[in-house]
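Shared between the two complexes below is subunit A, which pairs with subunit B and subunit C, respectively.
And then the complex of A and B:
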């Protein structure tokens, strides 16, 4: 595959600066030693492991980065961040990239992970705390796998480790307010 | 010793035995825990994957509540711990974020409460005092301590132990009479919430951890995080089915093992609610 890097850089002008502003990290510092990928527990399943994500960023290859499954599979374990000899918070960059990809509607790479985040935060917003059973079942239904982990769920229930009903905190209104205000502020930006 | 206690969502449900054993052990060791009234979720990975501001604003509410109590915070869950620490650092060092958080929460944050992991809190006791309380030492028990990711990484945020070869839990286990084995997977990732959203990855990561633990000759794994414990314990049947392995490795919370050594009844430590039976481990406490 041939890519005209000059044209790409022109077309995606400002992308690198936005990543820098969002993450506070200067990816130009990366000299491709590969330590992040060597230690990445999920690197084996990524289309573009962390070292390559850093290089793609340096070249402003926005589509390759934001459409990758890597930014979603990253478990934010921060092994990369801890070991980077140039002190780049790579896991922090991955966070910023996920957020950018979601805002641009680029979520098809690993839809189930994005869905999990939505269902999880929906629970927090509604009750102030996560209702684990509701999140597990909500995620199963929305991924069309209603019986996934049914054995574990049943086990937890029999062991008294599953709360059937959610418990709402008194300050639930404060939590809903935080969600609303964050959205307003970010939309205005 | 008195702390504001932030159990987090899991400890009220799927990790009830971590909550139970935490309360039992702290009470036996003279650590008073006062649950933060009306605490809310820290937002976990889903919040910081969605919005940076949200990931700081959600913990900020809890930091403020604890600040009003005038106490430092003890956090048993590794994920909650790291999110509260991260939010605190952002609020202290980033004025722009502080102003935005004030706008969205309607409260001005003041840095009053320090955030500590429960592991750190228990380890801060005088080792001689802890040893004096041990009535049923875990003689002969070979344990591997599993710290996972978020207790020790990134060190800029956590910073209470070595991120590659932490020793805090190992030393506690030794104080309880157990042998803490040296092994290489102390801080490898278990896949966290991918157990739900992408199970194949979690199964592979946990398989690797169990394999190394078994090779090291461990009788059990010791955990300090509800999600790690759940992935390591409850998914062993799925792992055995997927990889043709035969794992039956008990995974206990460090508080459960300390509780046993302190002479607390196993039933009061939630030792009957595991997927892999813990009876073989309970026998070591003599």
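And then the complex of A and C:
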């Protein structure tokens, strides 16, 4: 089927402006050279590699962008951002897209990645740092794979690389303040 | 016996890296007539040339063979070297062992070595037979004809006239200005096209050195470089321009309306008309084909209204002749007739599918809509505009193979203008490549993207009407998905093609037309404004599609060449032209039609043989001003009386023998 660009532009009016406001990036500037995709370490696994994400954005194809697994597979290594000849912060755009997708509840295709982010941030909120064992087990339990990577975990613990019990950092109050500030900002939006 | 010197050039590693140059020099030393054979890294360099001069003196050489690159590159260089050594410059022959040998045979050096020697043998064989040649001279008429009054012709005429030479500018339309004066703004600086071109038009009409013939066509060109005789047909305008004041009353009162050519049919004009208010000359002409008086015999309203009695229905076409020394052809371009070729875009059936030139008129403040972008069908303001590039360009199946060069930029400009003039407009541009090679061009294109134009990479396969919308179906090849846009208006960047009369002009001035219909320049890089016919130059888009900056630059370049020519009192001619041995010429006349330059004529001579009565005989005669030395007459000549100096039959046979025997 032909994509009706007129209809898409009407249905998704304002989408591009929101991406621009959230990321501070003008994706229209992308000239599709493909350098971001060429250097992306996880691009091989993406359904829509970074170059295509940029093109989909240019045409305001919101569903294709926000439902893609690419925005979740992006590890924010920022190789694309560093190398982009048009100076577009592609990793930043990906970040903004993830936020938009999560708010709209578009996480079905990549539930485990979204869960990981939640568990990871939960640990930071609680201890001020990541408790690896807790994060690993928490993620395993919530994805119904309790023994995933258990062999690696044992080795790491025996070598003293992963602690059994969590430890808190100093300044718990400040951590709480950071989380509060973020919530306030999000609520304001 | 001639004393030949052979000089083998290494051309760095170009030749020296493939073949054994010292061995080639040694082998060449054995050839008949060779008294010296040597090699050097760069023969064309100053020390290389000096070594040739020294060798000529030390070894009393009277023929020189250089084995190096193409004669196109350095024949002139080495001829000058010979002249510096006091030798006739035509006692020189070149063997091209680079382009013809080491470049193409660099993977097979042994064979290249053998071929190089064969090529040098050929040159030596010819050198043995070379004769000194001497240029003759022809007088110079210090006037210039410019054909075409677009921006190229205007610029060339002004430059030549400013240099102090007389110029005759011929334009077939009732006004000069050409395509440029129809345009709205010009990329990338967006200055107003009319504002920058009309002052130049006025300068043409007021310049003391320029004679302007509008509504006129060149009907014939005779003669040769420095001495052309041009016949110009002045079409009857039925208005005595010496009496007319250009008040425009006739135009107001004329009852007949016809579509305006200047506005591409987007508005009407009268049968007596001035094409546009800033026309030069600002005097009307009567379009007899549509005039009520000429078609029905009744009306004469214009004559009744004219207070200066300038209307003259009895006026006839007049023919004048002018003598000039140089000709600049600047006949420009027209747009490809897309409607005849593109059924998928509606064959011109949809009124809101227009060309870029229509858009220029629509967006032009002096145009039929006063600069409001409106759909031709219902005069509404289009909200979604689609631009399609390469319509007829880069399309060998339906149009032309070449790129029209200006469309990427003017489409970017059009998109910018839509987004600027229509708030909330959507602009889609279908392209296959975006080409912006020019100062400030890429930046302009990027600016258009920032303005909000959406570029879609792919050709449009179909346009069809749905309600009052035009559905444009194409494909986004970057996405790999077919797309469609519901547009209010579609603008086609149709290809630039050469003007319809180009074949006639080309024939008259004896200039070749290339496979795409453009005039053929003498060399694409090194002689871009000259042609193979001496004294005839090209300027602007009659030579190939170009934008205004390139056109103006080329026009000034052509003017510089003309000025160089006209600055001479007389002209040295190339001595390598045909000559007739009248003693053996049978006067058959086969050479006359064979000559593409009309340089051969038959004449009658009186022969006096002792013991016989004087006898009249017809023989061929070559005009040394016209002959370009192509050799066509030589081939046609049965008794072998026609010989091209520097390429005589004996010389050519010796060359073939040297290679083949």
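The criterion applied here is as follows: the second predicted complex is superposed on the first by the 188 of 189 C-alpha atoms of A that agree within 3 Å, B and C clash if a C-alpha of one lies under 4 Å from a C-alpha of the other, contacts with A are read in each partner's own complex, and residues count from 1 in each chain.
Rule of thumb we're sticking to: a residue touches a chain if its C-beta (ideal position, glycine included) is under 8 Å from a C-beta of that chain, and two chains touch if they have at least 3 such contacts.
What you see is a predicted model, and the numbers here were worked out from it, not measured in a lab.
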item	value
Simultaneous placement of subunit C and subunit B on subunit A, clash or fit	fit
Touched partner set for A:150, first subunit B, second subunit C, both or neither	neither
When both partners are placed on the shared chain, which of subunit B and subunit C touches more of subunit A	B
Partner chain in contact with A:21 - subunit B first, subunit C second, else both or neither	neither
Partner chain in contact with A:52 - subunit B first, subunit C second, else both or neither	second
Partner chain in contact with A:33 - subunit B first, subunit C second, else both or neither	neither
Least Cα gap, in Å, left between subunit B and subunit C after the two complexes are fitted on chain A	23
Footprint of subunit B on subunit A - complex, ascending	22, 41-42, 44-45, 73, 75-79, 81-82, 89, 91, 95-96, 98-99, 102, 110, 112-113, 115-118, 120-121, 124, 128-130, 132-133, 135-136, 139, 148-149, 151-152, 155-156, 159-163, 167, 169-171, 174-175, 177-179, 181-182, 185-186
Residues of subunit A defined as touching subunit C within the complex	1-7, 9, 26, 28-29, 32, 52, 55-56, 58-59
Subunit B - residues contacting subunit A, complex	9-10, 12-17, 38-41, 43-54, 57-58, 61, 100, 103-106, 149-150, 153-155, 163-164, 187-189, 191-194, 196-199, 201, 204-205, 234-235, 237-238, 272-275
In the complex with subunit A, residue positions of subunit C that touch it	384, 426, 428, 446, 449-450, 452, 454, 456-457, 473, 476, 478-479, 481-487
